[in-house]
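Structures given as structure tokens follow.
Presented sequentially are two complexes of subunit A, the first with subunit B as partner and the second with subunit C.
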Partner chain A sequence: MEALYKKANILYIPALALFALFVAYPFVDGIRIAFTNWNGFSRRFSYVGLRNFVRLFKDENVRASFWNTLLYGFGSTFFQQVLGLSLALFLDKKFPGRGITRTVVYLPVLISAVIMGYMWYYLLQYDGALNDIVALAGGEKRLWLSSAASAKSFILGVNTLQYCGISMVIYMAGLQNIAPMYYEAARIEGAGEWQVFRRVTVPLLYPAFVTSITINLIGGLKLFDIIKALTGGGPGYTTNSLATLIHSSYFASQMAGFAAANGLALFVLILAITLSLQAIFRKIEVQS
Partner chain B sequence: MRRSIAGLVIALVALGATTAASAQATKRLTVAVNFSMTDSTFVALQGLAAAYNRQTSGVSVEVVTYPRYEEAMKTKMAANDLPDLWTTHGWSVARYSEYLEPLNRQPWASLVNPTIKGVITDKAGKFFVLPFDMEVAGVAFNRGVLDQARVDPAAIKTWDDFKAACARVKAIGKIPVHIGGSAQDDWTVGNFYDWTAPSFLITNDRGNARKTLKDGSFDWKLWAPVARLLVDFRDAGYLNPDYTQGTWADVSKKLASGDVAFAFFGNYVIGEAKKQNPAGEYGFMPVPAASTADSPTVITGERVALGVWRDGKNKKEALKFLAFCARPENVSAIATINGNPTGLVGAGYASDLGDLTPYFDRLKGIRGFPYFDREYLPSGMWDSLCKTGTGLLANTMTIDQAVSKMKSDYESLR
Partner chain C sequence: MTRRASLPRGVAAIVICAIQLVPLYITLTVALKPQTDLSSYWALPVRAAWSNFARAVESGGLIRAFANTAAITAASTALVVLLAAMAAYPLARSGSRLNKTVSSFVLSIMMVPALSLLVPLYVLLVRMRAVSTYWGITLVHVAFNLPLAIFLFTNFIKTIPRELDEAAVIDGSSIYGIYYRIILPLLKPVTVTVIILTSVAVWNDFQYSLYFLQRPSMRVVTLSISSFFATSGSDPHVAAAGAILAILPVTLLYVFLQRYFVKGMVDSALK
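Coming up: the complex of A and B.
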């Protein structure tokens, strides 16, 4: 019996079955669909070779969505680290109301991204709260989501604000793991606050950086809900990420084959970035 | 004690068996519709189902709606797991026919209104839906605003006339056209194109692109004037000031409040405006022509049309329910709610068009054309219309870019 367990632990079976059914099979079938001209609902389709993949390189919207994906991925990650770390450093100190402040910062993480997106969507309407405040201050009402730059900034901002709580929690856990003796030793040696932060806190927070950056980067690269709720990928096609473009190519444009090819490209992109990042992190870890 | 427990168990088993037997005897029919639960059409269809359930034993019809109806239906088609009946929102032939039962042999088949028959019939002569009503639409307006601006809608024949009317409306401080326009409600912009494109490409009998759009040889440079009309309206200040963030809900609200003169939607926009301001005076006029060489026209198409799933287990019962729906009183009731002519004709089929009657009367001799995208563009290009439209409105796309995008999508989707 023991030998049998060693060969195949039956406790794995439910998880493996679910993984095979909901991840492995759709993934493999998605690769097949990427080589077809299927419209997403008909029983009729034909295989079109590499046509969908060739289109990936030619289509202007794919190019724009690719750059937007990088912007949302790296941009959100950068701001989330800055904000998350600052908040963690601030909230690591003892002061009255610290618990409540931590909760308030973390609370948006618990809200669904779609709800968060719609809340901001209504705030940013022409007759919305933000314009009411602007009007109250004597300013002129603006169409906040009408230009590509402004709409992308809001997507980036909302995503950062919603998820900086995750980074904060990770960094706080990291800070609490740093033994006070390192700080004491540094101060005895005459290090100032900045030097303590740079030479003690940052190096010892390294594992927290790895975790937080990886989680936020993957989340940012596959950003979907906030874009859908806030701009729907518009105006035009300007704020689409690869994830929202996949959705609209599949359902609205009825190009399931192209959407599947796009999905594969996104998978490869996220995989390549994550693996590169892991390699960089390993290198830094070895050097330090 | 034991006896009581045994009695209870027997009673529960008996109750379970009875429920199971009754569930077996009652067949549940699902009717999926593309109207929200607060929409008057949804409520009316629910009323029809309730009436049918009362008079029929063994069948229970339930009307449901899905969030993101079109996406849900596409997923259900892909899985070949569809509701017993569903509304086809103008796509009974191009999108849904593969999964719908042909209805040519139904007892009411010969009564289909000849005006809509061509629109809902495929190349093989089969049709797949019961059309409750048919859309006959033009440009909806608030009569009060037009009177105030001294605009006679009957005198508007071309887009130049329309622009002159817009200038008059703007001069009295009102909004000439509410387009909606937000990326979230981008269908409102697609609708604008559906209304305006035919005047440039289809309606002129002396020169049009009807054939080339269908055979794939269409010169997409001809799309530029269609796109330019939208940009002209924007640049002249004829659109709602929040034209990149306006919603569908805003359109009827502003039309009802007398802030807006024109809206490019079917008569359902008037129905919605009436809900908010029943005292308002509304009407509609034919869509202007692109030049004096042509004449104004109206848009025709499916509105509420119900089809039956070809492979459904309850197909027989679904066809019986459809026959019930096809009765004169039922068809007339739905058509009346939408302010449209009935989809079936004959004794007893008549809708009460209410305040819109005089406007329908004026349509004698006016030519009708089907929805542009449904008839002349491949399925899937609706999104291209909507997205290029919002791109133009927000100035994130040039006219050339919009033309190029339309061309590439047309070529991919054909």
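Coming up: the complex of A and C.
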């Protein structure tokens, strides 16, 4: 049988060919480009050694984008877990309106993030819906997206709300997989609501935590569409993530070599974070 | 549950839904108002200005954009299903060292953010004369959506008993015969999941399209809508109408086929 299955290996060759061409080759070529001062279109360029990489560490915009990337990644992940788990616990019991609530919370997940960003723009612009409420409450209208701190909070918030549905459905599935006998046993032992949650629900939801955190974190670290739609990286360069910075240094500033080095940095960052996360999860698993 | 206890739950549910629906509601009221209507975005229009939708379709070239998006989505999804269903069979059945290496290579691609490859990928497509072509963008979508699909198909095929394959071999069937006549017909449930995940991802894509579809006539829906917002002086009401039209197809599909959408997400996450 094993010999027969070997003949079936031909079946994965088309997929591998595609990966070789569109992933492996560009990856290697990207490393080469990162060592050049190429502008993205000219035929002439020269190899400049580590200059692009040195610049990564010196450039203020890169530094800001780096911290923003971490903020968007870890910030959204944190709030998405809080919201997602609360919603899942809330919707775990049957009540009228439960189905509709789940439908509505999950809906934004399926809407294109860039369009979601534009829809929020109607709330956040100066003549927008949010300022109408502020004015009604007697406050002063504000330009919500023109200061870095406030713009970043809204990017974080919009991303959190849009994708908290993912963690919600993962936690709902996780909760449904917990057999009722565990709860019964805990209650017989005299455990209170909080103790049941802490000692039964949380440990048994562990696989759901791992999946949901991983998915949300990778999504948040790659954040691009919402930033483009809400601020375009501005004011100045203050709200860029590494992803949007790569885009603008390539297409707007014509620094292909630098953008390629930046791409490698993003790749290494995401790889390092996912791998250490997996190591942490494994350690927790061993301990418990 | 008693009635008394379900009242606060109901109120909480309404608040949660309201928060999630606010951007949609605001966009809808803006879309339905004429430019002369200066009332708050919260207020419903006195009379619906349906002409905004017609103007969005016309000035945004939305019919062309929908056709482009539909064609790219259909082609990418079909190729992903075909290539992933093929690749998954040997990977699920044979645990040879080679195949284990291939499997972990595929899994590792899932972690590569496509953006980190933007520059070299763009260079490659320029060299292949694939920028602003349907086949270029389609192949890029296929390459980056394929790993998850292979992963899902592989996990599913592993649950199909090997005895089926063995029985067919005894009956004189070739390995490809087994794959075609026995395995393929059993893959329907996971195929539905892969179709939904891939087509939603491709339909909603903005990044790849922004890089690789630069000719205006090849614009997809997300690019059309973003051009409304990026152009200063364009009518916000028309832009809102465009945004509503853009999200309508997926929203409607989701409302009717909700079970499959959520199941697809959960399956891809928990397996």
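The definition used in the following text is that the second predicted complex is superposed on the first by the 281 of 288 C-alpha atoms of A that agree within 3 Å, B and C clash if a C-alpha of one lies under 4 Å from a C-alpha of the other, contacts with A are read in each partner's own complex, and residues count from 1 in each chain.
The criterion applied here is as follows: a contact is a pair of C-beta atoms (placed from the backbone, for glycine too) under 8 Å apart; a residue touches a chain by one contact, two chains touch by 3 or more.
Nothing here was measured: the structure is a model prediction, and the numbers come from that model.
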Residue contacts with subunit A in the superposition, subunit B compared against subunit C: C
First (subunit B), second (subunit C), both or neither touched by A:Gly234: first
First, second, both or neither for A:Tyr126, with subunit B first and subunit C second: first
Which superposed partner A:Ser146 touches (first subunit B, second subunit C, both, neither): first
Which of subunit B and subunit C A:Arg43 touches, first, second, both or neither: first
Which superposed partner A:Pro108 touches (first subunit B, second subunit C, both, neither): second
Touching partner for A:Ala252 - first (subunit B), second (subunit C), both, neither: first
Common interface residues of subunit A - those touching subunit B in one complex and subunit C in the other: 40, 121, 251
Interfacial residue positions of subunit B with respect to subunit A in the complex: 70-71, 73-75, 77-78, 80, 95, 98, 182-184, 186, 241-242, 244-246, 379-384, 387-388, 390-397, 405, 408-409, 412-413
Touch list for subunit A against partner subunit B, complex: 39-44, 55, 59-61, 121, 124-127, 143-148, 231-238, 248, 251-255, 258
Subunit A - residues contacting subunit C, complex: 1-2, 4-9, 11-12, 14-16, 18-19, 21-23, 25-27, 29-30, 33, 40, 87, 90, 93-98, 100-116, 118-123, 128-129, 132-133, 161, 166, 169-170, 173-174, 207-208, 211-212, 215, 218, 221-222, 224-225, 228-229, 243, 246-247, 250-251, 256, 259-260, 263-264, 266-267, 270-271, 274
Footprint of subunit A on subunit C - complex, ascending: 1, 6, 9-10, 12-14, 16-17, 19-24, 26-27, 30, 40-42, 83-84, 86-87, 89-91, 93-94, 96, 98-99, 102, 105-106, 109, 111-113, 115-124, 139-140, 142-144, 146, 150, 162, 165-166, 169, 175-176, 179, 200, 203-207, 210-211, 221-222, 225-226, 229, 236, 239-240, 243, 246-247, 250-251, 254-255, 258, 261-262, 265-266, 269-270
